[in-house]
Amino acid sequence: MILFILFSTITVKAFDTPNDGGGSITIKAYNVPETVKKALVYRKTEGDTTYTLAGVMSILSYRYVDADSTIKNGKPYYYRVDFYFPDTVISVVSDSPGIAYAQWYDKSKTSSLIFLIVFSTLVLVFIQLAKKDPEGLYIRKIPALDAIDEAVGRSTELGKPTFFVHGLLGITDAGTLAALTILRRVAKKVAEYDTPILVTNFDPIVMTASQETVKQAYTEAGRPDAYNEKNIIYLTYEQFGYTAGVDGLMVREKPGAIFLQGYFFAESLILAETGHSVGAIQIAGTTAKEQLPFFVAACDYVLIGEEMLAASSYIGREPVMLGSVKGADWGKAFLMGIIGIGVVLGTVGAILQSAGNGALMNVFEKILAFF
Amino acid sequence: MRRTFPLVIAFTMGLLMMIQYFIPHPISQKFYKIMVQQWLIIISIFFYVFAWRSFGLYHINKIKRRKEGWWASVVAFVGVFFMLLAGFGDRIPGGIGHFIYKYFNFDDLYNYMFAPLQATMFSLLAFFIASAAFRAFKARTMEATLLLVTATIVMLGRVPLGASMWKGLPKVVEWILMYPNMAAQRGIMIGVGLGMIATSMKIILGIERSYLGGE
Amino acid sequence: MHISTNPWVWIAAILTLAIYSFLYKDNPFYKFAEHLFMGLSIGYGAVVLWYNSIIPRLWNPLAHGTSPSRFYLLIPIAIGLLSFGIFSKKYSWLIKYPLAFSVGAYAGFSIPVTFEASIFEQISGTILTKQMMATPWLAISNLIMFVGVITTITYFYFSKHHKGLLGKSARTGIVFLMLAFGASFGYTVMARISLLIGRMQFLLHDWLGIIK
Amino acid sequence: MGFWDRFLKIDRRWVFLVVWIAVVIPLLKPLGLPTHITPPVKKLYDYIDRMEGEDKAVFLSFDFDPSTMPELLPMGVAIIRHCFAKKIPIIVYGGLYPQFVGMAKMAIDMAKTDFPDIVYGKDYVFLGYVPGLSLVILSIGESIQGTFGNDYFGNRLDTLPLTMHVDNYEKIGIVVDLSGSSIPASWVAYAYQRYGCRIGCGTTAVSAAQYYPYLQTGQFVGMLGGLKGAAEYEELLERNGIPTGRRTATIGMDAQSVVHLLIILLIILGNIGYFYVRRRERRA
């Protein structure tokens, strides 16, 4: 009898799964004793006489999301959950039917939206400010970008070609766009010094864009006649096939300067070590954090992560671009502020809590849940 | 038409794809599915033609001009031919298809030519990692010293011998990976993340146009 | 010793050795393997593209589909075809349309996704929670993490001169960066050696049969 | 030019040669370095071991291709051997992608030679590829017969004693997924969160770090990380008197240890040379 009272306190609620496109109902059980071994969820809708098995409820979260393909929006569904105990089975029916709806706004993503608005406002405001007042815009030194001219110059002195090796991601990657900006600078220098350049590509679209970029750079340098489309070559779209091809070209052409720019994977070190072995001065740049250690070890200069993305602002020094860098920096300050506040609140809250006052900790946890 | 309209397209598509993320409604999900799983992939298929054209021109040029090592370009074409033969030829009805299936089996070509080449190229890393460590890991500056000392400790902690030298070593390695290493990784990721968002915004707003080539 | 009698294994072994010969110096064997590899991968990509993309995404729905919405597929086909304009001098600008379409769409798509994956996740992992301060040691470790994240971010601060407090912070950031680079380098060595061991087992076991 | 000057400028091909020797010698003549057992491996081993005599099956999924084979295949072989020795029914699944199935077949062939009394259909069943990716994981929750129909060899599953009895996660004691990708997370999301089936994981050394949180939250019963994890499992088999065959992972671990130490030695010698030369140059 006592057992029965204990079991009878279990309640089951069925409700529309929040923040989704409909077609799904969440079933949640409350006050479930820990002795429960298994819980099965059954479903019934208007017109059905019996319940049919919907699935197994997790006995860790006591939650089950019923996203069966038969569930229609706006129609009531009734649920029964059978709780299996070592010696008995208890069936509990949900107090009210669950009805699925499609939502137009995902509340769980509010935090993203707020940050998005804050960040884009910052960037836009600073771009506008930079347009109005281009004086006084500053960007810190990035040695790897300053070294471009030196590398191409040295290569020219040695009478060797310059290599530009693209990474493996397509034109939709921000790093690839940065690589194109760097390529433009490299190609301009190459055109001025009148030395050969070879650009290797993994992605066909990037190849097309590279051709345009190099052509443009030659025109800017006043030598459009010297541009040769055949110097921007496509190798293959297979990671290690590309590696084999670039390595082969490196040892045969013996470039004096090599630029490894873009998103690389495991091949990073194979390329960089081969490049080093032919005695080239190497400038690498990638946003792939896993590959940075290898470039740092094997190359002369490395653009680390965001340094690469700042290249277009650094090289061009256009006010609009510099403004966006400034805006992004303020975004960083904003994020650091949040981390800082979080750490202070968390620490003070934990200290107060151990002294018996949990109020601040509650506030902190609310903030944490927001993320 | 030539300059402005592409920027309008980029702006519209960017905005739609961004907003779509916040709307769980089926209409928005369907839009996302059609874009990502169909349209963008279909558009990208056409660019393969450029890849093939460029590959072909490069090697044909070498063969035509009898440039040094032009025979290797012939080998490249043979590779393409083998794969195409194995991939499509076995559908030819009758004896030819059967012959191709038996002697130019696509799976065999993949398993005994393509995959070993891939794996061997990948495994070159084991040699290069050693030569790079030997050459570059010198205690020239404070930063370089930090780099080489951490690398050495982590390497030692990953082999049984390290643990038998000092029982606490695997724990130290785990701590380095979990805290100072993770901290820098996070810093890099946040920086790159913000930089990428800024770049994407510049694309949508038409400020970043390098992908469209010359103006 | 049981040398393999399977000709395919011999082919694989010879190609493996041809690639390794590159470690000594560039030679015709490597050049052969390299070009064969590039050719095979171009062919392989074409076959995969045909069976995995063109047939299921274009051919099947257009030729055998019944739903009227299949004709919408003609729109991306048309956009894609514009890129062929590059073959003529006069219409080469047409390629800007497919580029703008794809790059714009990915840019919009990546903004919120990057927020979630590389910013929110990382920040919520850095803000201290009760569990992260359960013991004094954990608390200190997590404070180090906090300092590391902040100083690394300041290294990527571009619009201010790196001097004073910012300079000190950025230099601390470099310390963390170097620690991390060292750690990932040491950590990756193991996996790379596994690959070499795999190839050696193939040569010594599958091909030459020297080891059981 | 002194010894250290020459040593510092040594042709890197000597380094390659030493690395090559360091890998090949342990393969030819195993050193038998000791293996320490770590908790994640022990947990997985014990969990499977305790299933002996129960009427539940192990479901082993091979979700990897030749590129990660050196690390993951020995895990598969060791787990199959464990089940064969303890007569724990095992369903070997060729993985969610078609190119994975060859790995599973290789593992079965390598394991079964030492267990002549094992009967196909009763003690183990081999399932091939069916399209559907994560839908397959969900569909197994309803019915294995319904999902696959036939086994890899074309036998109807409702004719095999093992699959007549084991038809969904109810009768599966644990799913062990071997993969260097994100597939183990899919098994957790669908088989564990939805059907409550316990999951174990074998993954590459590089991916192991990203799966530690799953271990902490209990979403994984246990985990084998890289060649080291596989070697530990082989060691546990050996300690419990289960025939291990050629201990590929343990031998590989020997080679790995030697190369690690070699690289460390190279770094140390390189620095000694560097400091020696620098000091001499400063004096001069």
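Read from first to last, the chains carry the letters A, B, C and D; within each, the first residue is number 1.
The rule we apply is simple: a residue touches a chain if its C-beta (ideal position, glycine included) is under 8 Å from a C-beta of that chain, and two chains touch if they have at least 3 such contacts.
What you see is a predicted model; the values in this text were computed from it and never measured.
Of all chains shown, C has the CA centroid lying nearest to the centroid of every protein CA atom. Ranking B-D and C-D by contacting C-beta pairs places B-D first. Relative to the C-alpha centre of chain C, the farthest chain centre belongs to D.
In this assembly, the C-alpha centroid of chain C lies 23 Å from the C-alpha centroid of chain D.
Note on chain placement: the centre of chain A and the centre of chain C lie 13 Å apart, centres being C-alpha means. Computed from the mean C-alpha positions, the centre of chain B lies at a distance of 4 Å from the centre of chain C.
In chain D, the residues touching two or more other chains are 12, 16, 19, 23, 67, 205, 209, 228, 256, 259-260, 263.
For chain B, residues touching at least two other chains, in rising order: 21-22, 44, 47-51, 55, 69, 111, 117-119, 121-122, 124-127, 129, 131, 133, 135, 137, 147-148, 151-152, 155, 158, 177, 185, 188-192, 194, 196-197, 199-201, 203, 211-213. Those residues of chain A in touch with two or more other chains are numbered 109, 112, 171, 174, 205, 208-209, 235-238, 240-241, 244, 252, 292-294, 296-297, 304-306, 310, 325, 332, 335.
Interface residues of chain C, counted against chain D in their complex, comprise 23-24, 187-191, 193-198, 200-201, 204, 210-212. Looking at the complex, you find that chain A touches chain B at residues 19-23, 102-106, 109, 112-113, 119-120, 123, 127, 170-171, 174, 177-178, 180-181, 184, 201, 204-205, 207-209, 211-213, 215-216, 219, 230, 233-241, 243-244, 252, 266, 269-270, 272-273, 276, 287, 289, 292-294, 296-298, 304-306, 308-310, 312, 320-321, 324-325, 327-328, 331-332, 335. Of all residues in chain D, those touching chain C in their complex are 13, 16, 19, 23-24, 27-28, 67, 69-71, 204-206, 209, 226-228, 246, 248, 252, 255-256, 259-260, 263.
Contact residues on chain D toward chain A in their complex (touch as defined above): 12, 141, 169, 193-196. Taken in their complex, chain C has these residues touching chain B: 8-9, 11-13, 15-16, 19-20, 22-23, 31-47, 49-51, 53-54, 57-58, 72-73, 75-77, 79-81, 83-84, 86, 93, 96-115, 117-119, 122-123, 125-126, 141-142, 144-153, 155-156, 173-190, 192-193, 195-196, 198-199, 202.
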